[in-house]
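Both complexes shown next keep chain A, but they swap its partner, so chain B is in the first and chain C is in the second.
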Partner chain A sequence: MQSFVLPYTAVLSARFRMILQYRAAAIAGFVTQIGWGAIRVMAMEAFYRSTSAPQPMHLEDVVTYIWLGQALLGLLPWNPDTEIRAMVRSGTVAYELVRPVNLYTYWFSRSMAFRLAPTFMRSIPLAVLALLFFGMQAPASPEALVYWLAATLGAVLLSTALTVILSITLMWTISGEGVSFLVSPVIYFLAGMVIPLPLFPDWAQRVLDILPFRGICDAPFRLYMGHIPATEAWAVLLHQLIWIVILVAFGAWLLSRATRRLVVQGG
Partner chain B sequence: MPHILVDNIVKTFRIAQRRPGLWGALHGVLRREYRTIKALDRVSFELEPGELVGYIGPNGAGKSTTVKVLSGILVPDSGRCEIDGRIPWRNRISNAANIGVVFGQRTQLWWDLPVIESFDLLRDIYRIGSGEYLRARDELAALMDLEPLYDVPVRQLSLGQRMRCDLAAALLHAPSVLFLDEPTIGLDAVSKLAVRDFIKRLNRERGVTVVLTTHDMDDIEALSDRVMVIGHGRILSDSTLDDLRARVTRERRLIIDLLDEGQAIEDPDVTFISRSGNRVHLQFDPDRVPTAALISRITAKYAIKDLFVENPPIEEIISRLYDEHELR
Partner chain C sequence: MANPLALYSHYVSISLRSQMQYRVSFLLGTLGQLFSTGVEFIGILALFDRFGSLNQWTLAEVAFFYGIVNVAFAVTDMLSRGFDHVGQLVRSGEFDRMLLRPRSTVLQLIGQEFTLRRLGRFGQGAGVLLWATLYLDIAWSPSVAALIVITVCCGACFFLGLFINIGTVSFWTTETLELMNVLTYGGIEASKYPLAIYHTWFRRFFTMVIPMGCVTYFPVVAILGRSDPLGTSLAFQYAAPLFGLLYFILSLFIWRLGLRHYRSTGS
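Showing the complex of A and B:
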């Protein structure tokens, strides 16, 4: 068992260590995300002040929701893995296929590090600042904390499975710019990073409940603040699990198609 | 059973055509035109264990495509191919554990990591036991003087250093076959010699089967007895270097340093090629006139300081072979 997972854990930890070296990028991301968070909070405060109708979420919950989102922004699967993109462009991707490993699992490990490492660096200081100064609340209960952690693990897997699919499309498009262009606004919106999902109209809720994107930010965040009660946590986790299985199966199928029609760039 | 069997492999690529200019680009958005390229057209050959074969051909002839099919990267349209009984694209993972591959223009090392960490990662990816790994690594390091490079990030290596490290990286898991796709491209003379020397030792001492693609005819001359020439996706010739020479041209070069600059050499059996200062390059056919007879005739007639006989450079042989097959 240990020898089976070794290639995948090795590449994950190497990538993780590599990304941790990019301190300037982390600081820049940190500052930008605080700025954006502040703007989003102000916009929401203005909205709540201008309406007297009852809203499906209290303002304090919205503020917490926004700061959790800013802290975990790195988990959003909005672009292909940059390392795989560079390999496809240069043709180095050929080496990926001469390794005695399952290519899908290998790329899943790479992409997981790609999503986790930058998030890991930014989220903790950002959350600490937001908790101390910007009105973010602590978890609703110890139970809520546990379910939130479990759902965050599910969110990481879900996000990674989507990132791998975006990376595989590079085998057709080479550049990946178009994919990021199309996908990133859709993901931002449907994950609840523009407007918290509970504020969407009822008819939209039914669609959002089916789509996988709710499981990346919205559902785990609402478990954290008790907006989804702990008794319903199993539904969130089950929804994530079903989508993880579907997206992994689809990704693996897509990759097998891609490698069969592969044209390696240059000579 | 041969170590490597390639039987009638065909591989075509469909490539989107783009017309030049902005209009061409817009046109391409609306309607794509495709062109089919036959990269490999019924390629067949066999290799025995421990053979070292040079694989040469012009750019785009199909050399790299062959290597990619053999390594399981590309799936051919038709034909049979086996390495140690494994079909590369169907048994990709077990085949990958058995072969080593170096693409000279690209590195398999992690750009931002020190060399030693790339090696450690490959140990984990290939699931090499730590004892075997250290033995293989130290042996390769001793052969190519790698230890001083261990802590250098790959992006800071010179091309020659990088190629030595890449070769080692392809061999840590002790593969029985090594595919080298232009391993000497861009290297300086000293690095080329080091790489050639290493490949030769690997083949002679460890019996690793080597397929080497190259543009550098000196690589072929220094390393391989057997040469395969490919053009337009077809194997044009598969023989020893000497046989290839004999088949394409029997001519030899006679190079003479004259004592007296003004002299011209005239003989019915030689043709004049070029002259620079005292040195005259001539060509003759040893079947028409025995070399010894020609030399004694010329030395008797002219005042000569020095003289030597050479085979025509291999570049010329290859270029004649291409001409024969209208590859230009």
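Showing the complex of A and C:
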């Protein structure tokens, strides 16, 4: 059992340690996100000043939502795994095919480290600052904290599954970032990063409820602040689980298609 | 090739031809730009649907602010990629080659890449701007029309100044400081909405330290023909874009200082 899991955990931890080396980039991202969050918070405050009508979310919840989003920004499936992209371009992806491991699981572990490591480094200091100085609230209750952590794990798996799919599409497009140019902004929007999803019109909620992207940001965040009560946490987790299964199955199928007709670049 | 303009158009044509080698990548990139700015605007639409107005600013007015800043920035974004690479050029020693050529370094860097896919942002901004113009009751006069053109031009110069500053820092750090991006992208994010909605410290910073408000807020108030909640005079609103131009000229001087400080890293 142990030797079976070993290659996957090894690539995860090696990649994790490598990404942690880039401290300068982390600091830059950190400052950018604080500025970005502050601007979004000020704009939302101005919108809330404009009306006295009751809204689906309190301003304090929106502020917490925005800061959680900034802290966990790195979890979003922004781009394909940069190492896989380099391998596809240079042709070394061929070596990946001869490794005695399951390629999908291997890439999944790789991509998980790629998503987790930079986020890990930024999120904790950013959340601490936001909690202390920028009006972010603590979790609504101990249960809310537990369910939020569980849903965040689901979000990581969802996002990783999407990242792997984005990486696999590079085997067809080869150059550039491939379809992620198109898909990532849409995911970012539908996950709740542009504006909190509860503020969308009611008719849009039904569509957003079905799509998987709510599970990456919106649903975990609202569990954290108790906007989704703890009694409904199971629905969030089940929704995430169903989509993780679908996306993993799709990714594995796509990868098997891709490797069947792969033309290796370079020589 | 004696004429800098002729040289520049030669640079542009080379850059365009090279981008057209990867037609699909270019199309995806352009569409991606359109999507990523488009979702921001859909967010604004959703917020207005929810809140009705933003501190007495209407949707069409906010759309005008949004359109102006995106059009101006998209123009700069097409020209200025080269300044992002200064850190890399300095580190590798490639920058020495630029110094040997008998043309100004600024011209060479602007000529490095004409990033055509920024047309996505440009098109999206221009579309929103056009819609806002048709929807709003603008009191048209030659001076208002001239002010729109001047605002966009001075805005583009101002953003170019910011990019030049980012490049200049690399002479000291030998690295492109992503930290500076908080000014560019944060500023654009903020300029989607009228500056008047933000906190005082923030408004002061983006007027007096970085005069972004002078190209994205004050002249637009004059174009919209409404009184400024911040209480500035019409004369100031008309003169404000010049501060953007001034910032650009100042950044060219600082670039010169940086050049004098430059020591090749060798290797």
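Please note the rule applied: the second predicted complex is superposed on the first by the 265 of 267 C-alpha atoms of A that agree within 3 Å, B and C clash if a C-alpha of one lies under 4 Å from a C-alpha of the other, contacts with A are read in each partner's own complex, and residues count from 1 in each chain.
Quick note on the criterion: contacts are C-beta pairs under 8 Å (C-beta built on N, C-alpha and C of every residue); 3 or more make two chains touch, one makes a residue touch a chain.
Small disclaimer: the values here were computed from a predicted structure and weren't measured.
When the shared chain is aligned, chain B comes close enough to touch A:Met18, but chain C does not. By the touch criterion defined above, A:Ala28 reaches chain C but does not reach chain B. Contact with neither chain B nor chain C is seen for A:Ala235 once the two complexes are overlaid on the shared chain. In the superposition on chain A, A:Val245 contacts neither chain B nor chain C. The partner of chain A that touches more of its residues, comparing chain B with chain C, is C. Within the complex formed with chain C, the residues of chain A that make contact are 24-25, 27-29, 31-32, 35-36, 38-40, 42-43, 46-51, 55, 173, 175-179, 181-182, 184-186, 188-189, 194-195, 199-201, 204.
Across the complex, chain A is touched by residues 22, 24-25, 28-29, 31-32, 35-36, 38-40, 42-43, 46-47, 49-56, 175, 177-179, 181-182, 185-186, 189-190, 193, 197-199, 202 of chain C. By the touch criterion given at the top, residues 13, 15, 59-60, 64, 68, 71-75, 92-94, 96-97, 99, 101, 103, 105-108, 110, 112-113, 117, 121, 124-127, 181-182 of chain B touch chain A in their complex. Interface residues of chain A facing chain B in the complex, by the touch rule stated above, are 3, 6-7, 9-11, 14, 18, 21, 90-92, 94-95, 97-102, 259-260, 262-264, 266-267.
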